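Letters A, B, C and D mark the chains in the order given here, with residues in each chain numbered from 1 onward.
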């Protein structure tokens, strides 16, 4: 039985508490929050969980194996460092930290202390993304050459821009599905309201192989729409996150090249159209899957899918895209695995 | 009765012939095409129309008032110049010419000879775009601050890239709806097939006022999807080109700013959600509207909505976006009305 | 504070417990269920609620004001009678009883004892149906002349047929929206699996005014689909229960009659087509609305919208439709308000 | 080359002329219509086709092999009889005749004279219905046990009721897909406008095997909707006529029976859910397919799919359903193959 302490009982914390409570091999032992009224709400809903107004007490509790951090981003680094120092495994909300440098230090610290650190890039664990990964791994789509995601809604404006808030979901999906590492990013966007961060953005991510990924983001769209298109050399798949019935559609469509009779030596592209197929997708919630994955990694000593290194890659993409957005799309290069001394 | 001669009876020409034949105050007098078998097909379908294997004969026919040019882009400039020189009014398929310089020379020539020159940016004349313009002019949406268009399908690959082929439609709609002139453009894209132009692209167009427009384009999408979102300061409108039933939806939704209690002096954005309204849209075909507009402009001496100057602006956008796409999104500035010496 | 006892903690009971717990002016005081393991589950989720293996103990508890019955239909009559005899207000799952005779006896008993008895026809309290009722009451649709509902899914087969399981929802909506009482019913259907009740049915309900209502039902449809169309003399409204974004659409469309030039003295019908409008719909859950309504009726001594008389009408419709279905659609007459001696 | 004469150039006739003109092995030789202005319109569109104000002249023309009748239903019988008497093959719009008796006499006459008589039940020849038939024949769906069709729109009111106008399409599809002959029919409906036939109807068709088919029809629906659901013992298929992209969806879903542990000797039904599959559907127009089929039958001496006997079955269904509708759903038995002396 893994005993979990949750820090932060605001927006996301209640989901974490409910979720860990439903696992067979985990239990919520304690919750910490600065706000007494939030702890009262918790006690009404879940009597029997120990509460702390200060996270330090929670971290000192030797019966706690793992700590889940659901606080504002600016506090992630210090809390996660303290939790690792206290010997706890760590779950941290996305994005892992405010800066790439912090993310790398956290990753190093987790490695050094041999603790599991998972970043809550929830969507990587959704039934839809797991099915996409399965299709890609099985070679069903061929080589991935194109990726296009749209994530828009009438939005809750936040302190971070729309890239850090919404885009990071697609960056995580992309990181999971495309094995290649991106080399550069270009982004455009706009802030339509004085004193509020950018509310629309379009991000293009470049790969050396020629693969290209585009992510369209908006907090000012009248309709909620979330779609991921994966274009392979053999087939194409579209994932509609909000379609409960047939979230994934695989199209046996594509482009075929033929010698161009009119221009010897050149090729002509023509499209090819076949059946569509919507595989059954596991409906288990993504957060539930992630919770179980975290507990399993702690038990088995495995690296989580969305570990601190992956979390650091996400922060780098956010930083680079935000920089490009400030320069009207001028491309920004990304560091490569070998780039760090 | 305006007598029209059509040059080119390949892909688009047959539509022009059928369309002019249905107008009350126009008639198709002649058709020219290099391919004898195309002229045979025409004769079977429309006996009684004079045919020419060479456009020169057609241009010499003094009974012809106007010439419609439906040939490859590379021939547009020479044919249109010759038609103006022969004193004809001119209809030319989009884009008007290959280069901005040619487009400007054509515009000057049409002005000098006081002939009507219309560029076939058909969608500007569709019921949906006319309704959008009507809503904007009536102030229904407030000030336009955001524009996002998607135009994707499994595509007929062409000699020009996807920006010139598909994007130009959205550039034209944008030019018609947004009165302000753009100042810069950033574009990204990729060519997935050797020897074939770019098949996906994302273009962002910047305005000095802070308005921003994005256009997403693809020839490698499994599903045909055409959508234009217009975000105003009061309401938002979405136009689904392929929805025959309710192509335009107006959302009484938006963002409202309130003083931020937590941060004095700052504002907080919250969204506002109300009814949706789908106005009835005129179902008359866009090509039919454009044909009538051309004939009316000839009769009344008016400037067409999509005249040569507008056509030149479209070519400049295509050129600039293509340049930016070659530089991974680095922004390219556009000339402004006062820029030409 | 209204103190509620819940009898039955199987399929629907947990929703009732959670729901009453969230009301400001109600509390769940006790739960009774024959199954010890269900009570254990309850205690884990909601420690502090008294539990009974036998409902008799719960009914004897003088601190309990109201009893909610969430047990199989066959037990509804006896439990509700016992609850009324113990002086409790009663909430009973739909349908109220197995037979019309029982339903009428319960209605009489609730009247005699001056207790509130509400039948859980939840959908009557949904935001969508409340909006439809509002539109009708405001005269927006004109006189209601036509009603067509579809309620299909791949179904949980039950002991009762698809009319009693799914159809009763639409009968309740219809009863709420159409003020007139129906006079006859015709139904067809089929049982495709030996030993299992009818899994598809089509029911038509007749009114003396000429208004007609059709309800299509299926447990063997591959896709969940729930739609209610209300045709008025001025406009038409369609309610898509599963559309979270725009559940109600009002069409300014209809039929207009004109004198028929070709046949003097006869009329010609032509259709009229205008805008569509999707009013904002309150998203508060239907069960939450119903719970509050029950508590309010107890406090204020009002009759609930879905009282025992209404519940009895629903049972009569189920009985009559089932009888007609057994006779391949032969119509069955319904009793009228004045029919009971 | 089959030379076709078309009688009637009103609503449907122009489609027939255009359609036969496009076939390689047929030509339109003549058109007859009482209205001189219609013949003028034809001459403008298709110069070179002989015209008759009276059909008798057309029927006397020995160069004409086949006659297509596109006139009001009341004239079908006499015109088709005259055409057969003149030795012509016959194409007649649906429904074949006004009465069952007439339909049978026409069928006998066509047999006696060894002429091809095809009834224009166009939808049987659509790509979607052909694909459904293919799936059924291949055993993909298992045994057909359930059929449900919806065909509604804001309608052109006609002289016949909505069953004869719209329902006949689904009766024809049903006749083509289900090999068994129906034994009885129940229908309900209403006429909402004085002096105009029934504008809504629901028809249930019974088979001895227990298979059941329902058809929902309306001229007063705000949205055009055309759907055919075919429920098989193995899988289910849904055909959306107006979905150009994926008209047919095959669901690997269904119901499985298990012994009911709680009730020994009884079975329990549970649903089974798997993938969905949308096979590619041939986009060739149904009218084009039917025209070619007619020409092929003439050349090869084959019986058409929708011959006069089939047309007679359709008339019987319309008659029986209309009779049942007049009796509020009371079932009406159908004659069986052996019933005719």
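Operating definition for what follows: a residue touches a chain if its C-beta (ideal position, glycine included) is under 8 Å from a C-beta of that chain, and two chains touch if they have at least 3 such contacts.
This one's a predicted model, so the numbers in the text were calculated from it and none came from an experiment.
Visitor: Using mean Cα positions as chain centres, tell me which chain lies farthest from chain C.
Guide: It is B whose centre lies farthest from that of chain C.
Visitor: A-D versus A-B: which interface comes out with more C-beta contact pairs?
Guide: A-B
Visitor: Could you please state the distance in Å, as a whole number, between where the Cα atoms of chain B are centred and where those of chain D are centred?
Guide: 42
Visitor: Need the CA-centroid distance for the pair chain A / chain D, whole Å please.
Guide: Centre-to-centre distance between chain A and chain D: 53 Å.
Visitor: What is the distance in Å between the mean C-alpha positions of chain A and chain B?
Guide: Once rounded, the distance between the two centres reads 39 Å.
Visitor: Return the residues of chain A touching two or more other chains; collapse runs of consecutive numbers into ranges.
Guide: 223, 273, 276
Visitor: Considering the complex alone, what residue numbers of chain A touch chain D?
Guide: It comes out as residues 246, 273-280.
Visitor: Chain B touches which residues of chain A in the complex?
Guide: Residues 145-146, 148, 154-157, 184, 186-190, 192-196, 199-200, 202, 204, 206, 210-212, 214, 216, 218-223, 229, 231, 236, 238, 249, 251, 253-255, 257, 266-271, 273, 276, 324, 327-331 of chain A touch chain B in their complex.
Visitor: Residue numbers of chain C touching chain A in their complex, please.
Guide: Touch residues, chain C against chain A: 47-48, 223-224, 245.
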